[in-house]
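Here the chain labels run A, B and C in written order, and each chain numbers its own residues starting at 1.
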Amino acid sequence: MDNREVLVDIKNLRTFFYTEDGVVPAVDGVDLTIHRGEVVGLVGESGCGKSVTALSIIRLIPNPPGKIIGGEIFFHGEDLLKKNEEETRLIRGDKISMIFQEPMTSLNPVYTIGDQISEAITLHQKIDGAEAKKRTIEMLHLVGIPEPERRFSQYPHEMSGGMRQRVMIAMALSSNPELLISDEATTALDVTIQAQILDLMRGLQKKLGMAILIITHNLAVVAEMAETINIAYAGKIVESATAKEIFKAPRHPYTYGLLQSIPKFTEKRTNEPLPAIEGMVPSPYHMPKGCRFNPRCPFATEKCREEEPEIIELTPGHLVRCFHPIES
Amino acid sequence: MRDYIVRRVLGMIPLILIVMIVSFGIFSLVPNPFAALIENPRIKKSDIQRLIKAWGFDLPWYLRFFKWFGGVIRGDWGPSLLYPGSLARDIIARALPVTVRLMGIELLVSLAVALPIGIISAVKQYSVTDYVVTVFSFLGMSMPSFWLGLMMMMLFSVVLKRPDGMTPLLPAGGIITPGLEDASFWVKFGDRAQYLVLPVFVLSFISIGGWARYMRSSMLEVVRQDYIRTARAKGAPERLVINKHALRNAMIPIVTLIALSVPGIVGGAAITETIFNIPGMGSLIIQAEIKSDYPTAMIGLMLASVLVIVFNLVADIVYAWIDPRIKYS
Amino acid sequence: MAEKAIEAKKKGQKKSSEDYTYVGMVFHRLTRHKLAMVGAFMLILILLFVFVGPLVWRADPNAQIEGIEGLFNVPSSAHPMGTDDYGRDVLARMFFGGRISLFIGFISAITSTIVGAVVGLAAGYYGGWADNILMRFTDAMLSIPTFPLLIALASVIGKGVGQIILVIVVFGWMVDARLVRGLTLSLKEQEYVEAARAIGASANRIMWRHLFPNTLAVLIVSTTIGIGGAIIYEASISFLGFGVQAPFASWGNMLQNAQQFIWNSPRLIIYPGLAIFMTVLGFNFFGDGLRDAIDPKLKL
């Protein structure tokens, strides 16, 4: 359906954490496709494995306790999981970059931001210091930081959270990556700053044409940006479709529940409480048998409690992991 | 910054006064050394009285303090009682270089060993190396210095002999072989070094554990920070992540601790000096105080305490210098 | 895959840390700390040695064997650790010396902690000039090289067990005072303390009922580690000849006495030194585990 080249193709990724209290199947069979230049959303509640998926792509799962125990991550048709540490390191920050949730703590406090961005540049490009500085200032300018020459020699603590996240973006984009992974990059920011950063990312995506994987727990964040949205629940992708279809015609009961719990301002005000999904995310140590969503699902049957559903393509490009998908 | 330093220096004055009064007060509890002389029929009573008066032992301790303090302000630290005929100042001046040499080498050796193993231990947390380092650190931290000193002496000065079968492998105590005082520099250097091996080993073995634990926990704290993940995410090789991004941050508290431990170089190590018969500050201060030689003991103690107070400020300044987030005003 | 998840589930049900109370959780973490368990084991052995030993090996620690043949005996069935320079049974002296060393260690560490807690609570709670004076004094005490003054004090106030405890406490409370003051300053800002003050609770009541219990966990750790330190202090004082006096034994004065016989009877040095070393190591291992179990970030 999408005739662009496939950039990233994740197949049945499984990343487990072996803790003292037991094994946590944080990612347990995730499939995900990202095309060249595509903006993809990965949405789910905390603990559903979305960040672990992202860290698995750039192979930064802390080991121990974490370990990628199965699956494939194809990047330009080559399995990243088969590459050695040095080969993945060269891709990290060059072809695939990542920005994180906490701009306040994601920058090294004892080096200037100029230092930190130049380092990212010289790690992947054979250029000298002066040229790296020039490029750094260009990048700072590109992400909308005023007075980039002065900012170059400032320390992170001299900047606000929004500015620091811009620095992180400048650093991530400094080597023209083909994929930018944004892991809750706007969650920790004030709402107005959040909108600015999202605007910036959208603008840069148009300008530079890289693919973006947006990881968030907030459907509203991806609503306007993402072409394709993947919904994750308890370590698995439960639904995947274009953004339009996810919002118009969700097929998985979990997606439906998520959408119901977003307040709609167009509706008349009622005294009805906002519908919420019953129950709680399962403890990673106590995964339910059968479909992992069954204890919270209003449509669950005996089959859901016994067997695990496979993901199936209901309509072209619309995949759902459910025995009883909601009729559109 | 300048205002800050001035304010801190002014704040030191009451601190130094309290230290002086407390130390002097405790020393004044040691009985008057001249009282015992009364028993000696060969010394004239009037001479004893004169001595007691000259030393201020006829006064209550706080008045004696003022008498001593008045002298100190004029630069007169008084004569030594332990070594009659010498100035207390000169006695200290003789012991000081001995202790500084011993403790300075000890500090350098400890840091040179402890910091690298602390870093490796943290980077490879839960590995066999980490467990070995941890256990050895605790062994050192729990070791009574006198026991280790005696055991080492037993091993290297009693059991093990040089190839001639007579002389011990390492000298049991002292600082230089008698008769070598006028030898050439390198001969003396080699000779002194032999005498330093055992005491430096004993002192270092005990302090390496603590330093390694500090370094390890500081490093562990840093490697789980978000900015370390950022460094990895930009493709920095592990060597760079540790040596540049982690180490610079982990060293901040360690450098402070190093600054705080510099004054110890002057205070000496009383027990180890006693065991190895080293005429340093630690053993001198203790001998002086039990013989009621308060002028000598007070110089030693004041030197050490004032350095502690000054280096507290130095540590804070160094802290601001290596951590760009800290600004004093 | 499913089996793995079920396995994980079974494992989790037994041990998931959510199911424990605070004390239970600390205990649970402690039992998983290998070094802490090694330390606990060592301490149990030492306590058994010191307290049960004399019931098994009934020898008078102060009885001297007459005649030159009784001195410096090598270990034999009559004297499992041999005899010392007065012909006394070393094993019996090790038992009773251990009791004194441990007693001094325990009591001085606990008393130091209490004194430090009182100073720290008062400074932190009252603030202002009280805080200023108390903390200036604490800083001054921390700046003085402790050991020489400790020896000076020990050399004058006498050589009994009580005096030695007093000396160790006089120079041992400052770190706890700083620690408790810091904790008090942050606790005092919390709502429940404000609430207690609002309903008119007295300063004493707030300090001891509301603030002190919250510093207890930290104080237990610092006391545990402090016992090891106090035992070393006792031994050091005794080693320089100002400790517990003969005929009473302590591990420290046994070592001091043995020093002069290092050339012909080294075992007299090895036994008490090893006992001190093992005891201090046990407390350090256990204390470290306790700290990790209570709060790994604690700087102690």
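Quick notes on this structure:
By our rule, contacts are C-beta pairs under 8 Å (C-beta built on N, C-alpha and C of every residue); 3 or more make two chains touch, one makes a residue touch a chain.
On a predicted model such as this, the values are computed, not experimentally measured, just so you know.
Chain centres here are C-alpha means, and the one lying farthest from subunit C is A. Ranked by C-beta contact pairs, the top interface belongs to chains B-C. Here the CA centre of subunit B is 24 Å from the CA centre of subunit C. The centroid of the Cα atoms in subunit A and the matching centroid in subunit C are 51 Å apart.
Between subunit A and subunit B the centroid-to-centroid distance comes to 55 Å (mean Cα coordinates, whole Å). Within the complex formed with subunit A, the subunit B residues making contact are 126, 225-227, 229-238, 245, 248-249, 252, 322-325.
The part of subunit C that touches subunit B in the complex is made up of residues 35, 136-137, 139-145, 147-149, 151-153, 155-157, 228, 232, 235-236, 239-240, 255, 259, 262-263, 266, 269-270, 273-274, 276-277, 280-281, 283-285, 288, 297. Per the touch definition, subunit B reaches subunit C in the complex via residues 14-15, 18-19, 22-23, 26-27, 29-31, 134-135, 138-139, 141-147, 150-151, 153-154, 158, 221, 267, 270-271, 274, 282, 285-286, 289-290, 297, 300-301, 304-305, 308-309, 312.
On the side of subunit A, the complex with subunit B involves touching residues 58, 60, 64, 85-86, 89-94, 97-98, 100, 102, 105-111, 119-120, 123-124, 155, 157, 168, 171-172.
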